[in-house]
Amino acid sequence: MRLDSDESPTGGADPGPAPHRIAVRVYYEDTDFSGVVYHASYLRFFERGRTELLRALGIEHKVIFAEGGKDSFHFVVRSMAIDFIRPALMDDMLGVETAVAALGGASIEMAQRILRGTEVLVSAQVRIALVAAGKARRLPRDLVARLGQGLPGHNDPKVTRS
Amino acid sequence: MRLDSDESPTGGADPGPAPHRIAVRVYYEDTDFSGVVYHASYLRFFERGRTELLRALGIEHKVIFAEGGKDSFHFVVRSMAIDFIRPALMDDMLGVETAVAALGGASIEMAQRILRGTEVLVSAQVRIALVAAGKARRLPRDLVARLGQGLPGHNDPKVTRS
Amino acid sequence: MRLDSDESPTGGADPGPAPHRIAVRVYYEDTDFSGVVYHASYLRFFERGRTELLRALGIEHKVIFAEGGKDSFHFVVRSMAIDFIRPALMDDMLGVETAVAALGGASIEMAQRILRGTEVLVSAQVRIALVAAGKARRLPRDLVARLGQGLPGHNDPKVTRS
Amino acid sequence: MRLDSDESPTGGADPGPAPHRIAVRVYYEDTDFSGVVYHASYLRFFERGRTELLRALGIEHKVIFAEGGKDSFHFVVRSMAIDFIRPALMDDMLGVETAVAALGGASIEMAQRILRGTEVLVSAQVRIALVAAGKARRLPRDLVARLGQGLPGHNDPKVTRS
């Protein structure tokens, strides 16, 4: 499912394609006794967003693991910087936006946001690495190609990838 | 979203209406290191199913709590009997079926199943009570009427409610 | 052993050894917006209790998995019957009691309780099976011997194991 | 206090008191199907560490909420920067270190680390705000005094609080 962003950036620079977006409903399990969503629950929502972005690009986590062998690999989160701006509430229907912000040799930078309508509740910068047999690996060429479709200016061959 | 059951009961007795059904995707957060879904995660899926059944009947949890006052109430799970038949896996798209099995004066019996296609993975009998100001309460008449729509033989005025 | 009795069973029959017990603190993560502990959190507490009972008997889950090979096996929960009697609250220090109730050829029945002081909040009957290479297995003799130490009348060689 | 140094800081500057420390065992619930601890689980561990630090300073979360009235307040996480350095594993016994790094007028900066032995697995900078009736509030004087005990150089009256 692809929910198009409510926010239409109008700046002059190439904003890149619209971020990938999924809908997430808030349930009892996501809240805590303070009455709002428990802060770590947003990381679960962000992870769902990344998983669905990868699935949309043809990458299934179960398959990655099941393949085994020397081509087997998986993604691990290396770092996150998260701003919790406003709380989400029970029953809220949220949007989780995920965009590839930068592609390095062995890591992917993603920019993610959780919104209620057009209101940004949480934003995060997430760095993900590719690991095989316990070691960081270079991103395979076709993975870079698929992920690069989500980059701003991805049609520009001169784009510098950090 | 209402996904009609793949299973069409064909028995002579009134099977009641088709159970309410939601779709649930399995993510990293739901699994454990044994490689399959963590057993307590199924209870989260079942709770989502019950919440969506109640929402479909016009009952929102946030509203119930926010109303406060003497009419404020909430639901609590009193007991569960669960059979874990087959494990669900990462990336699985599951169906969660929820049906009202019986209505008592102060409690609701629900029958729930988690399926992958037509294969039943987990089944549960769940007893829920209505609580206000810390005490069990009789179910309000209009709630009984709305929930009773989900009962087998609910058009039969002689149906005995345990 | 049924755990429905209070702290000090006084009956004439051998009550068996005292159940294994761990302490569990309630944190934000365990509660939900209704203000008390989320019902599925108790299953996490019960699982911690079973894991610590097995550890006390010399059985480490990580080791079981890591061993691999033909002797590799793990435990899965087959069924649970749970009574949620009273809610636990944020900051509560709880006790989780676990006792082996019965040993079958390929499964273990455990009786568990969650208490706040001497007050029983939740009780559960849990059936666990031993699985290797995806199939149920007979319990190894030395595992039965170790688990049997927790059974009532375990010094009686004529004890019938269901 | 930055926690990037190893166990024994040897610099000439006042390193402040030792960070508060709790022990956390890794259970099934904390892991995911990749075989290691799920990344969001570390946030639950960090939150347990902060809660226990506050409890050690005489601040109970349940009491804060229950008090109500105009003096009622609670803490919310405003931002986190997290480095996931090495994975924790099932059955691991971890240490969670928490130190007050800075005190602002309405927020607290905490530095946290998760260790296995002396090996740092995860580190985080966490900013927490005090909220009452939905608005950020200045930290009460006695709370500042209690939290300030954990600051480096807290005996120095000239310490500047950001």
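By written order: A, B, C and D. Residues from 1 in each chain.
Just so we're on the same page, a contact is a pair of C-beta atoms (placed from the backbone, for glycine too) under 8 Å apart; a residue touches a chain by one contact, two chains touch by 3 or more.
Owing to the predicted nature of the structure, the values given are computational and were not obtained by experimental measurement.
Asks: More C-beta pairs touching across which pair, B-C or B-D?
Replies: Between B-C and B-D, the larger count of C-beta pairs in contact belongs to B-C.
Asks: Distance from the CA centroid of subunit B to that of subunit C, rounded to the nearest Å?
Replies: 27
Asks: Using mean CA coordinates as chain centres, what's the gap between subunit B and subunit D in Å?
Replies: 39
Asks: Enumerate the residues of subunit B that touch no fewer than two other chains.
Replies: Residue numbers touching two or more other chains: 28-29, 33-34, 40, 44, 47, 65, 90.
Asks: Does the chain-touch network form a line, ring, star, complete graph or other?
Replies: Per interface graph, the chains form a complete graph.
Asks: Contact residues on subunit C for subunit B in the complex?
Replies: 33-34, 39-41, 43-44, 47, 65, 74, 76-84, 87
Asks: Mind listing the subunit D positions that touch subunit B in their complex?
Replies: Against subunit B, subunit D makes touches at 28-29, 31-36, 38, 40, 89-90.
Asks: What does subunit A use to touch subunit B in their complex?
Replies: 25, 27-29, 44, 47-48, 51, 55, 60-63, 65, 89-91
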